[in-house]
């Protein structure tokens, strides 16, 4: 009985397929990377099924590739002959715990869907990705993502209290307080000695398949308010963002860039100065006013207040702003982190210059390399560089990849911190010496047969 | 064991102490029995164990040398902060105790990225002093923040009275430098970056290894550098005491306080026991003693004075909604400013120590209304134990402070260590607490060796810990016994 | 076994290590144990109270042999300044910081440390050479004082125009430190008393020793002899009030004697500063010259302040003369030790001076030009330290000198 | 190959997945693709647009052979075009309105794929085949003889444009003409036009199917052939405009014919004409209809032809009618499930989708669900048969007639 049949006997015929035209659809993510075609795609509906699949794969040493929504922009693609575990059907919300402000959910649910459910009971999650439309909770956490809400709530990793993970050998690992047999509830992450939750945060499917996530939730804010500012220099813009963070104004979103993400795009490339920042703040209805006053007070020292409209729209469309760039053509994006402070401004200017140089350099291939800054994340910025190209032209596609690599290396040298690794940064990861060794050791421990997403993180 | 091996053993020890003295200088290493005795015990109820050596490295290099030596000679090492753990963090027999007291510098304060980088040996209170001078503060410090070292608290993912919004110490760490069993120096978080080794983000390079060492209690590596989140020091604070009729009301109110997402730096809930606390003024005490036995102590800070009173108003509304009363007005002892708050819950919190030597079994319970059942159950358990051991003074388990999405509560007994029988009983009592608490869903939260037998029952979690331990520390030299990892060790 | 009496205290130690490095950001306290801060090996656990109490416990449990360097530590690692006691959680509780606790365990680390030393002496492993010397001096009838000066030279400092009045019920107790080491204190002291129209008596050549150093260094038997001797003599002389300018003597009379003997309670013990205050209040003593433009600060002698709670009289006297008085931080019960006490000066002068230097620096930080103390030990040590510094105080003087100048 | 035409768009797919799920609570948008949401295996990539784009790409790179189940996947789609509206690449067109052209043409690409499948003999689906063949043979998809096309005109006197000229051609369309459940609608339309004495006529039995069904299900060749014939015939009539009741015909003739041949007349949907007439006051309302009505946008009208307001205006102008919107609505509005050959190909799914949409209508508390498309009509009738719902369906024409003519 071959692997496909065995798996079929686990999940049932409709939930597994190895038809070439089906698996083809699972060979890519949203990045510029050409993925290999997996051998089969399986869509388990229960944890038990996942366990059985993993065990089987482990025994037969078949590579496994857990997949959320396949929208990664950093080359999270399966290897030849891998089993893709599509978590689409693991999309149920297990429980919304209004007492401890926790929502326990399966990984396959998209942020959008979850948002709809939470809203009904008057709650919300803290951090949502730029592409919350189709991005899944599992995928975002596994790549310790950031997004709207990060300005105060930090990384998705900060918003997770516990996990259930199926390990390659089929065992179900629970992390956090839910370990206690007598009170198996997720309400504390640092409950049982070492915090293993974090180990899976950012593991990008190299250690196991996440089957349950406990997310922090909060009550819906009574009020939200907005403010847009205009700055003449990166210095003032970066400084302003930092100061707002320092004053700990509850700033849900802090988007700084060449253009408010909803402004008209010049199809030839992003228009340049002035730099704008959109602030979105939350608070109780009778208090938010004071926050806004304070906010304006602070930021006006650096830039000009342009009212709230742009920021309001950008907040309303927060989960679709990426579309403004997608409309330009297929976009490859390289995200990275830059700390608050003087350095950030210098970085922006440098990388902006480089982007233009590259656009020049690849003129004949009609590439468009540009930098639109990004948003505040806890103690730093999440910036991204975009390469816009036409995938139907294979040469352009090739060149785009080269350009991407160049801008990436440049950013790295300028001090940008890689933050979603996939296969993009895999090489750079290996420079990290002892750190990488420890990663490898981990991999050894949890996945001795190296079946989990081989290649990703360069493991 | 034969005379011969004894000789071998003695020689080995001689060699080790010599090497240690070479590494750190004769003044900073010792195997004098009386020195070892001092370092043999923590603040917990358990007897100490005599280590083999005490050594006090002054910098990372020395520490690495020591660990390499230990790894070579397969001698266990036991990193020690301030030695006042309450959960049996006790050095294994013959181990090298690495006292971090000399590694106590504040290396850097990054105002831009709001963090500070410290060595593990620095006391929380010392650090607080230094940060205040700069106009900043750290987020969470332990109850005994005067006695405790930073390293120790991080390594045991501690919490403190200011945890309500800031959460667990684990949430306040951005990155670490750790010396692994083979002596290599591991950097976690964004500082691992070769071109730009700066701590400012924890979740950058994949796998959040930081978390792995937070709470490892010295079993995987020795922290030598810690990057802590800091925030601007706020002058504008408010502090209030609200009293409620029942736990229902109290817990509900606490939940709503928490939901406001104000920057609560204190949120404690607490049942009034006559003659237990000096927290109330007589007037206030009257109210509490008669109709409103459940009190919540709330303190918060704001970025702007103009925000303080509106926020306070919100809290008062919540209190009123839940049928509570505001004691703050009644009670002249309620702090009026940052200093007051600091005294009240900084030093004030530590004063539980005053009762004399005691066991503390810190445990966590969920936030919200459910906590009520735990409190009541806790009091029940306490009564039960009290019936068996009437000679002790007990803290009711009905008080706690809020930490992110849970409460930290626990069981306490005051006993007399000078009387062996009394001491033995106290241990018995504590085991009862452990067993009852565990069965009733209280979650232990600091481990040492105290919970080994329990931890071992959790699969596959525990197996994975063991595996990790084995790969990172093949010779099992890092605090063997702690967390039930590698050998008996511990008590 | 001396320690047995202290068993309960010893086991009461919580090992919370507040005695290691107490901090109060708002009172400007950052560390309390002079030894831990200044001793080259200070950060070892055994160099502050918690460790020493643990040593005591170990000895009780016979956990280890008492080795020379352990003994060395015991005498080298504490000035018995009592700051650890002041900041000991258990002690705070006992003293009633927290009014309503159910029961009150007691622990006074300083007491335990002194007992520990006595224990060592009892076991015949101490006193150490310099401390033994003190005993020998005292036993030698030609010396009859702690510091080895000739017995007949003891009163050489006494101004010719002042004669003790045998009928007086007030005794001026000169002690042995000032007469031989810093006589100007006692000189001014008696002058001041005289100016206040006080008729006082002295013990003349029969004055022996208060026993302070002996108590601190564990030589309790001889110390008690001194006590008995003094009490007997005072009775004979029909003394009611003892006035001394020496914080050491004062502490011993005020705190130690009552502990060991019932008779001690009959006598009123006054420190010179207290007495001067009294005289000023009664108007018997007039301040003629106020000095407005000079800043002065005050070093609390541990034995006077922390141990006996005499903080204000010296300050008030001082302020009456120098309105421009400033406090150094930390101060009063939190003040650092000057480093001389507890036999430290005799045993490890280098360290003592080092601590003194620390205090001088703290003092200079207040911009004061004069440092005043009310204890010959402090004075001697602080002067040694002051002379070492690049920016020293103009002078380091005793309150008595100040007052004398002012009248 | 037809597909080549769309190469840029196909490779343009960003794989962002917005076509899989897009949630916009403030606009009531929770679901995008009817198939993904209501088909039992809908979660598979290839059942929503992104997967279909991938397949198209795979075909271009010929990564895999075509198969029957691939064909099934491609036909499993109502071509409602919601994915096109929500495509991140059309974001600047639909939502921001920054650019004037669509970057991605999901529907066209899917139809191109179907064309390819038919060409290669994998399509259309079995039941659809009946319809397409019937179109070839009978000139209508419903396997009815040409002659019965005018059954609905009995007792009605209408110009026959084969014989005489008129300003407008009323193009009935096969579905309204033949389906006995709904063929009472055209007479009402005629009644209205007469009431406003509009100069119009019909083609009677000479009217042929517009070919919509062929186009949707990929029978490209047949469609082109048919379209050619029709264009010739229609152009020969010398009419000013073609009016139709059928969204399908409207879309096909207006949007698809021009690619085959030029038209010498305007294409209008009846509601457009009604709107005019009402404005010109040529239609007088006799009867008030005190009902709450909600309007469902037929995909062929709304999403595909950007035709939203006329029907609404008509309804609004009817006295008594309270027009309420469903959420989501207009370009975000959910498909009825009847379109794109889904009803004929996959009946159950079509019903499920219809039921879902009805629920949306019920949420508005409307008594009447109205629309302007026979396919929607058919599908909703089935859906209504499958659920307990206090809501009736009426075509816009119907409602207007009730008010103007009275029934």
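Letters are used for the chains, namely A, B, C and D, taken in the order the chains are written, and counting of residues starts over at 1 for each.
As a convention for this text, contacts are C-beta pairs under 8 Å (C-beta built on N, C-alpha and C of every residue); 3 or more make two chains touch, one makes a residue touch a chain.
Since the structure is predicted, the reported quantities are computational estimates derived from the model, not experimental observations.
Trainee: Can you give me the shortest step count from subunit B to subunit C, moving only between touching chains?
Mentor: So the least number of steps between the two chains is 1.
Trainee: Report the inter-centroid distance (CA atoms only) between subunit B and subunit D in whole Å.
Mentor: Whole-Å distance between the two chain centres: 68.
Trainee: Please compute the C-alpha centroid of subunit A, do the same for subunit D, then give the distance between them in whole Å.
Mentor: Roughly 39 Å separates the two chain centres.
Trainee: Could you grab the centroid distance between subunit C and subunit D? Build each centroid from C-alpha atoms only and quote it in angstrom.
Mentor: Those two chain centres are 103 Å apart.
Trainee: Which category does the touching pattern between chains fall into here: line, ring, star, complete, or other?
Mentor: Chain contacts: open path, no cycle.
Trainee: What are all the chain pairs that meet the touch criterion?
Mentor: Listed in label order, the chain pairs in contact are A-B, A-D, B-C.
Trainee: Quick one: in the complex, what on subunit A touches subunit B?
Mentor: Touch residues, subunit A against subunit B: 97-102, 144, 154-158, 161, 167, 171-175, 177, 179-183, 185, 187-204, 206-207, 216, 218-219, 242, 245-250, 284, 286-287, 290-291, 293-294, 337, 339-342, 377-380, 412-419, 421, 429, 431-432, 434-435, 437-439, 441-442, 444-446, 457.
Trainee: Taking the touch rule as given, give the residues of subunit B at its contact with subunit C in the complex, in rising order.
Mentor: The contact residues of subunit B facing subunit C are 27-28, 32-39, 41-43, 56, 82-84, 99, 101-102, 104, 123, 125-126, 128-129, 132, 144, 146-148, 275-278, 339, 342-343, 347, 350-351, 353-358, 393, 414, 416-418.
Trainee: For a test of understanding, state which residues of subunit B touch subunit A in their complex under the given definition.
Mentor: Per the touch definition, subunit B meets subunit A at residues 110-115, 157, 168-171, 174, 180, 184-188, 190, 192-196, 198, 200-217, 220, 229, 231-232, 255, 258-261, 263, 303-304, 306-307, 310-311, 313-314, 364-370, 403-406, 438-445, 447, 455, 457-461, 464-465, 467-468, 470-472, 483.
Trainee: Touching residues of subunit D toward subunit A in the complex: what are they?
Mentor: It is residues 7-8, 10-18, 20-26, 30, 40-41, 43-46, 50-51, 54-55, 58, 63-67, 69-70, 88-93, 95-96, 98-99, 103 of subunit D that touch subunit A.
Trainee: Using the touch definition from the top, list the residues of subunit A that touch subunit D in their complex.
Mentor: Per the stated touch rule, the residues are 14-15, 17, 19-22, 24-26, 28-30, 37, 41, 43, 69-71, 86, 88-89, 110-113, 115-116, 119, 131-135, 262, 264-265, 267, 316-317, 319-320, 322-324, 326-327, 329-331, 390-392.
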